[in-house]
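A, B, C and D are the chain letters, set down in written order, and residue numbers restart from 1 in every chain.
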Amino acid sequence: MSALAWFIPEYLLLAGAFFALFAELIVRREGVAAAAGALFASLAALSALAIGVRPAAFGGVLELDQVSVTVRVVLATLSAVYLLWLAGRGMAPERSREAAAFVLLATLGGMLMVAARDLMVLFVSIELATMPAYLLMGYRRDDEHTLEGALKYFLLSMTTSLVMLYGFSFLFGIAGSTSFAAIAEAPGAGLLGAFSAVFVFVGLLAKMSAAPFHYWAPDAYAGASPASVAFVSTVPKLAGAAVMVRLAVILVPGVPALPTVFAVASLASMLLGNLAAFPQSDVRRLMAYSGVAHTGYMLLALSAGSAAGNAAAIYYTIAYAAPSMAIMLLAAEEGTAVDDFAGLAARRPAAAWTSVVLLLSLVGVPPMVGMFGKLVLFTAALDAGRLALVLVAVAMSVVSAGYYFRVLRAAFFVGGRAERVPRVLPAAVAVALLTAATLALGVFTGPLVRWLTAAF
Amino acid sequence: MLLTAIIFLPLVGAIVTALMPKDRGSVARWIAAGVTAADLALVVFLALRFDVAQGMQFAEKIAWVPQFGISYHLGVDGISITMLFLSALLSLIAVVASWKMETKPTAYFAMLLLLEVGMNGVFVALDFVLFYVFWELVLVPMYFLIGTWGGPRREYASIKFFLYTLFGSVFMLVGIIALYLQTGTFDISAMADLGLPATFQWWVFAAFFLGFAVKVPVFPLHTWLPDAHVEAPTAASVLLAGIMLKMGTYGFIRIALPILPNAANQWAPFITALAAISIVYGAALAFAQTDLKKLVAYSSVSHMGFVMLGIASGTAEGLNGAVAVMFSHGVVTGMLFLIVGMVYERTHTRMIQDVSGLSNQVPVAGGLLAFASFASLGLPGLSGFVGEFLTLLGAWKSSVPAAWVVIAAIGVLLAAAYTLSMVQRVILGAPSEAVSKISDLTVREVAVLVPLVVLTLTVGLYWNSLLRFTDPVVTRIVAMLAGA
Amino acid sequence: MGYIVAIPLLPTIAFALLAPMSGRVRNKAVWVSVAAVIIALALSLVAFVQVWPGGHEGEAVYHSSAVFASIGTMDLGVGVLLDPVSAVMLVVVTLVGACVQVYSIGYMHRDARIGWYYAVLSLFTAAMLVLVLADNFLQLYMAWEVMGLCSYLLIGFWHEQVAPRKASLKAFLTTRVGDVGFALGLAVMYATAGSFDFSVVLHDFQWAPAAATTVSLLLLFGAMGKSAQVPLHVWLPDAMAGPTPASALIHAATMVAAGVFLVARALPIFEASGVALTVTMLVGVITALAGGMLAAVQHDIKKVLAYSTISQLGYMFVALGAGGIVAGFYHLVTHAFFKSLLFLGAGVIIHAAHTQDMREMGGLARKMPVTTVTFTIGSLALAGIFPFSGFWSKDEILTVLWHGEHYVVFALALAAAFVTAVYVARLWFRVFTGPEQSELKEAHIEMLVPMGVLAAISAVIGFGSPYFAQFLGHEGEWPAAPIALTSTAVAGLGLALGWWAYGRRTKVLNTRPLKQRAGFVYGALTMKLYFDITYDFFIVRGYGLLADALAVFDTTVVDGIVNGAGAVWRSGAHVGALIDRYVIDGAVNGTATLVRAAGARVRRIQVGRIQAYQGLMVGAIVLLMLWLVVKGA
Amino acid sequence: MTLIQPVGALSFMALSVVLFSLGLYGALSRKSTVMVLMSLELMANAININLVALSRFSAPAEMTGQFFAVFSMVVSAAEIGLGLALVLALYRQRKTVEIDAMQELKG
């Protein structure tokens, strides 16, 4: 199979995006675009799985190692499940046609980011992944805050990506070439090298909404429709995590200060994320800060600087993505305020107990995958001597139980409206798949982590 | 295969009852009763085939996460079989005791069965991660049991219970990981007596102490217990006091002592001090309570103080006494909570001044409550005395400062004070107007209490019925402690 | 000799049968308990006869035991040990038990819960027999505690009224204080000697004086609790709130004697320590004197007898303290008989006079001849007048004191004897002579027969004292003339004073002038030497206040550390208006409110202005770069 | 000493830093969103200069820097187009492009 064939999943996504745009002109029914998109995305996921690990292609610009393959498969599956949900519920009140296209394009960008081994390709794929995200965040017309949120997201992330690009330019300057391999071998350029590395990671940290570059997230999430937040807060973040790990592997040897930067960012994110999440009454804003907190845990693994740490970081982000997306999809169905969850147990017991599984996974209570993610992450961090940070992480995960349980308290112990949202099969199946993943993934931790560690 | 069946049978039951349609409460009841009865039968079958001489038996080991050395490893020895039996028995009793549960019965029985899964699992797990999974699993059903079917301040009590225990257990996780990094495996039985460096042991013991002490509970980490007990429904209280408190002390005996022997010796004086304070503090507070359930809750703090005293002594008598108190407290406090629950169902009040003169109005209830109270204050011939006396013997024999042992002995006197002052006002005397209209216990309610009465008498009169199981294990642990 | 095991088993079976029955059925099945105790009496006599030739110094006639607990190499057993001491006690317990149970048929027949009364009596008899036959201190301790429970149930038998409820609680807790000492004594014994068995602890193990002193003092403390020695005597007078026959059995003959029995059993340890013996003697003589004086000022007939019991028990402790195990034990036996007789008599008197207050009694002699004769025999025995048993046993104690050169204690013992004679006379004259204050008639036959039996024994048993000594393995001889004469003289003097103060009158005596002159002493005595008041004020109320204070402490401080943390933060941070309803609602506890308050502060950074965010980000980048420069990466 | 020395990479980088800082200052201080976008565009151009200069001085043969600059231009063009579309939509809704008017979302 020639190198071109290795990237069939990407072609499928591209084709899917175009097809989604024109599908509804041919078939009059609403949601066909999203359904088609879901089909294409799942095909992409299967083909990515089939293709598996490949050596570098196109002159070393793209490479499919263990991490890239895993993340590609997960990205495609997540977007397939998301599109399945979108097919069911749609992006009320607008049509979901363009949304499906944006989702597919963003996933395509994410897949390329993960496989990139060259600064140029990386920069272009990062922009390809984030631009549809701007549009998704601004997708809803009826809420006057949506556009403001989207603008904030756009301005702040453009600023940081320019800073990142500036860092790329210096890296290119030092190494004389844009390929990661060359940069890795380049002799450490002292202060300039450090500055450029820091600039690069500022951009990525902002993408991952890590403190102190997270400011856009709460406002953008609060403005956007919960459905789009479900996608934007998980898929691009997972891709971003993979890229950070890749860049960390090549830049850390040259810049010894980087792990400390990660540690500081991790501490700030954990503290700020968990504390600010407490008084929130809007689920989107709560999940925004929760995202910041979980990025903090991921950075803790990264700051360990070991192969196990890097694997743990990626595994943890996967373990975070599934439940977080599912919670936001539930919020899209039930209403974005925490009080909208009131009486959920009476209305929709299945949905209520699903939210228990999802929220407990985010807290890190076994047997859900969140706990195994934290177990692997703490092991790596402790091994690298990050005891203080682990203790903070441990304390903060207890605090996180506080605000996650406010949702549960509303769902179970507070009376709410009786009439239930009409049951839509695809949406229910999508949420069920995500919940099953949250429950079952824990059992397969072993093989997955070993597979990821092999990449470093 | 037997142990896996014992653990996951209730899980199947829980799923089945959870999926039952809401109105089929009665069917859910029978399923729950059937499942718990079958589980108890399996445990008894296991106990009969259990050979006291050998150590760990019925072991099952399947690799789960090989590169981290995590395995699905189960096994049973003398102490865990005792607690497993207690857990299975009290679960069955809890189901039968809540026969007339109307509000959302299917979810209620599902939660009880899920609770049993966690409890059985903790006593049988021999792998740290598995132990931690079951340890945390117990929190979720209990949170919902207290939160949904509890009393007026149930939400506050349930979240407080959840946060306290989660706080402790999360630091335990750090301890577990530290041990893994030091030894390369998560297998508890393999880690026994490895002679780890002393300072490392000290810190890991601190992490474990925090995790277990919250659960025991030891003074000053006990404030969640009274709230949780007062607000929990009867069956949940029985299981909370009967089994879940023992998970903390079982953790000490199964994990802290064998794996970190000289840390245990270093910590012994501190733990004895806390234990003695818990005993006297719990007793004094029980004396001052006006709510029956809170009184029994604080008495649990006092009794568990004896268990900690026994554990800290590190002598054969002390440890045997600790397990004896664990077992007898489970049985006796279970009985107390059941009877208080039954009285509450009839009089709808738990205030001591409103309830008096039970023995005249409802002689069977009064008699059984008196029996349970005397067992609780440690009357010889009943199981309460066995543990308390042995812990005092063990504590005096050990190198622990004598002053604390004297304070603990005074605790026995204070136990008599609060129990009898409760007996005076609630059982004796002329029936109060709340009591004067109530009917006596039904056959079902008495049937629930009879096995507990029989157990209290058998262990009380023939101590070896319990010590036969625990003594071999204890002698091994004491040897390890002496070695360190 | 296997039947020995049956003796304690019979009453246990009786209790096991009676307890689960319903009230009505149980009231008719009373004969089960009576039959059990009578059969036990028969078996005890048989056992006594088999042991009678005596002379086997120390080693047991019959001993069998079963292990009920094994820890490592250590086995704890429960067993039956028949030796002269336990043989005598068997007879005493079963005999008095039988008399009381027969007597109670008449005394309690109208009571609605007579079945429960007999059930507890059987349990008590069983526990006492197990204690007497115990072959190790642990079994003795366990029986000891079960007896405490029975005394609690019997004292609080009429629990509808307040007084019996309070008295039973007081009794149980005070004896429990003693039991704490007993338990600690056992712990020390186990730690040093490694076992509880008499054979090991009393004979094989060589006690170091220091360890022996600790153990014996702790055991003594336990005995003082159960045998109501000063300062743990406060519960016995209040215990009179229970039914009189129960008091006769428990608070005269058996339970209170258990303390003396314990010290008698553990005497080798006491002798090894030496100090303990003198302490026992001192405690004994103080209690004897105090008990006697307090008895002399009581108006309630049962309280007089209660304090008299305390005083006589003090005598036994003096005898044991002086090393005279035979004298002490002999006094225990005689006291058991005449004191239970007096209590049964008091029961009859109270039934007749419908009051317990002696001031409202009088002139019983004419209407109740049998009671008067039996009661008089008992009183004279108590006073220690010649032919009756009290004289012989008290005389032996005085002889032991004299030979032991304890002259001061001897004098005090004599003074106590004098006071005993005074209150006996006071009681006798007040009750039996003087004007009749209520119509009187003789008691039923079931009540009189047991009293007759006890009276006969009290009269006769005195003459067996030397043989009793040989039976216990010591050489016994008739009391020497000089001591006998002095004690009789002292007793006669006491009776004369009693006659002079209370006997001569024709109308109801007014003792006001006598009390004015006694002034301070009388005041102190009526206030029961202030023991009760001090205990109530400091210990009972003190503990109550401490408990309440701790309860408040628990909810505010300990719980508050968690809850209050938010409050501290709030006041410190005086965030005031900004705290929205989550913080006030405080659904989660303090830590969470603390965290929520912190969250509210952190949340304020999110001002919404884009350029503010950009500024913060750029600031962060600049800081990062400065740090890199400083670090010189 | 000749005033004109051969122009080294350093001076180009200096120029790029100056331009970048100006752009950054503009983004932080200008009141109108359009002007903020313009400043961002300025920063992008600064980066392009940097890229081209570095490509000339460190790896003249492959000209990768120039390619990178072209890519960067294309991407920033697309972004600015998207940004202006957003500003236009906001203008239609809020009748203003004042950046400080975008303050409702906070907390």
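Everything that follows uses one rule, which is that a residue touches a chain if its C-beta (ideal position, glycine included) is under 8 Å from a C-beta of that chain, and two chains touch if they have at least 3 such contacts.
Given the structure is predicted, the values throughout are model-derived calculations rather than measurements.
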Per CA centroids, the chain at the heart of the structure shown is B
Cα centre of subunit B to Cα centre of subunit C, whole Å, reads 35
Between subunit A and subunit B, the Cα-mean centres are separated in Å by 43
Per the C-alpha centroid definition, the whole-Å distance linking subunit B and subunit D comes out as 67
Rounded to the nearest Å, the gap separating the Cα centres of subunit A and subunit C is 76
For subunit D, residue numbers touching 2 or more other chains are 27, 36, 102, 104-107
For subunit B, residue numbers touching 2 or more other chains are 155, 159, 163
Expected list for subunit C, residues touching two or more other chains, is 587-588, 591-592, 603, 606, 608, 610, 614
So the complete set of touching chain pairs is A-B, A-C, A-D, B-C, C-D
Listed in rising order, the residues of subunit A that touch subunit B in the complex are 349, 353, 356, 360, 363-367, 371, 374-376, 378-379, 382-383, 390-391, 394-395, 397-398, 401-402, 405, 409, 412-413, 443, 445-446, 449-450, 453
Per the touch rule above, subunit D residues touching subunit A in the complex are 9, 13, 16, 20, 27, 33, 36, 40, 43-44, 46-47, 50-51, 54-55, 58-59, 62, 64-65, 67-68, 71-72, 75, 78-79, 82-83, 86-87, 89-90, 93-94, 102, 104-107
Touching subunit A in the complex, subunit C uses residues 580, 582-583, 587-588, 591-592, 595-596, 598-600, 602-603, 606, 608, 610, 613-614, 616-617, 620-621, 624-625, 627-629, 631-633
The subunit C residues in contact with subunit D across the complex are 603-604, 606-611, 614-615, 618
Listed in rising order, the residues of subunit C that touch subunit B in the complex are 22-23, 67-72, 74, 76, 141-143, 145-146, 149, 152, 156, 159-160, 165, 169, 172-173, 176-177, 179-180, 183-184, 186-188, 190-191, 543-544, 546-548, 550-551, 554, 558-559, 561-562, 587-589, 591-592
